[in-house]
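Let me give you the structure first, and then I'll get to my questions.
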């Protein structure tokens, strides 16, 4: 990733985001790890295993969606004020290549942070034998839930 | 659901779709059940439990995506020829209300079946105390993989 | 269209929407007419002519998008309060069949009206020789701009 | 723009794309110009004028969509074989800021060229007083129509 053009309003953003990630049962279920965090950026990775696959032996498009929706959501959340939470309004995902390999890495990038809405884009890469392949591309709209911090 | 306007080319479509569903590790992981199938239609349901949730206690948008992407994909697959398989090209999902309740039901409906591509739409409803709430809306593009039946 | 399940907050909604439509230079440019309006519903039609076409002689996907984005936006606007305006946050459009014929009709339907955001879906049909063909399908997110009425 | 990572199969791609652009009545109607072309890349610009606006005085989302759908489509078309044509399967557009200024420039970038489908992303920038603002973000799926060259 390149250096972030954003500055987080909440100096404790990383703590806040990591605590929120830890509260997501779905991240634990699929075995996802939050691998990198910066203002306006988040990377989440997972190691493919049989429970994540679809009928052709690739990671299910829905699991890919789960990873990159979370990466985009947490990328946005890094820039939100301390007493807010994040909600996905919608996202659109293109699947470009079979999601398989040693590791999948979903990256979320804030494109436009706003007071009420934030727009992000996302990429999912598959790593295999030292090679990286772009397997999915996402575009996402988030909502800032002001005055409603995570529990 | 209303009566399907479609006729399946493959008379054994239900067997083929159910076998494909059974091979999806991801469906087992999230505890999804294929609850209804008709030409151009598929419903998949899940009972919310802690492992499927995000940080606010609702079912994760990615899990909702997994359900409805599969419902749309299998709805399309009912109309595909016997020696083909199905691939999601892309989908777009709007989250409309918190995904919580006794049961989530994702429905996929074929809008336009084509030789190479099929377009579907999807809805996810939450059932709670006998009430049904629309929680997500999807639009999806599938690809027919001719000559590549499921393993 | 079926009877609308919605009630407009602003009894003068039709006047407000029609005045807003009349202010859109783009609607005049493409020759669009607002053909029907109800709470949560709007239909806009256009007669194909050479200036609206792409290189194959069909109406350009962008013109189809212009029609259905407006139909969705005005469908949402019927339900907004009197002192607000409407903004498209995003939309997604599938092109299903060649947009040609005697007339194109774009319909917008509110799926979920909210205080800040409204979600709509849209359809574009082509009429030719008394036959109607679905040529495009849309899903859209609108924003309610409170306290900012149209000029 | 950065140097293109793609090589065009058809050495006469620029001629073919420009001829296709010239046949689009819709491009003439809105006053668009094809300002740059490279393998996997296309830029189309327009100068805002009253006929392109919506009710708030900004360029209509549908016109923005027309520009960037075309930019993405022609970006893809640069990489297609000589005897083919291009079809938009679907696109998704986020509107990020008011589309106003001295000039709008829509850029299309191929992300993944394929035999049957090509995936592109698009950006629309507004130029005003020497400043550039990102006003829209797109993600698009194209189809390669083999054996069907433009008329």
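Letters A, B, C and D mark the chains in the order given here, with residues in each chain numbered from 1 onward.
To be clear about the criterion, a residue touches a chain if its C-beta (ideal position, glycine included) is under 8 Å from a C-beta of that chain, and two chains touch if they have at least 3 such contacts.
All figures in this text were calculated on a predicted structure; none of them were measured in a lab.
For the pairs B-C and A-B, the larger set of C-beta contacts lies at A-B. Across the assembly, the mean Cα position most removed from that of chain C is the one of A.
If you average the Cα atoms of chain A and of chain B, the two centres end up 23 Å apart. Chain B and chain C have Cα centroids separated by 28 Å. Multi-chain contact residues of chain B (touching two or more other chains): 89-90, 92, 94, 141.
Only residues 89-90, 92, 116-117, 139, 141, 143 of chain A touch chain C when the two sit together in their complex.
On the side of chain C, the complex with chain B involves touching residues 92, 94, 96-97, 111-112, 119, 121, 134, 137-139, 141. Of all residues in chain C, only 20-21, 23-26, 28-30, 50-57, 59-63, 65-67, 69-70, 73, 85, 87-95, 150-151 touch chain D in the complex they form.
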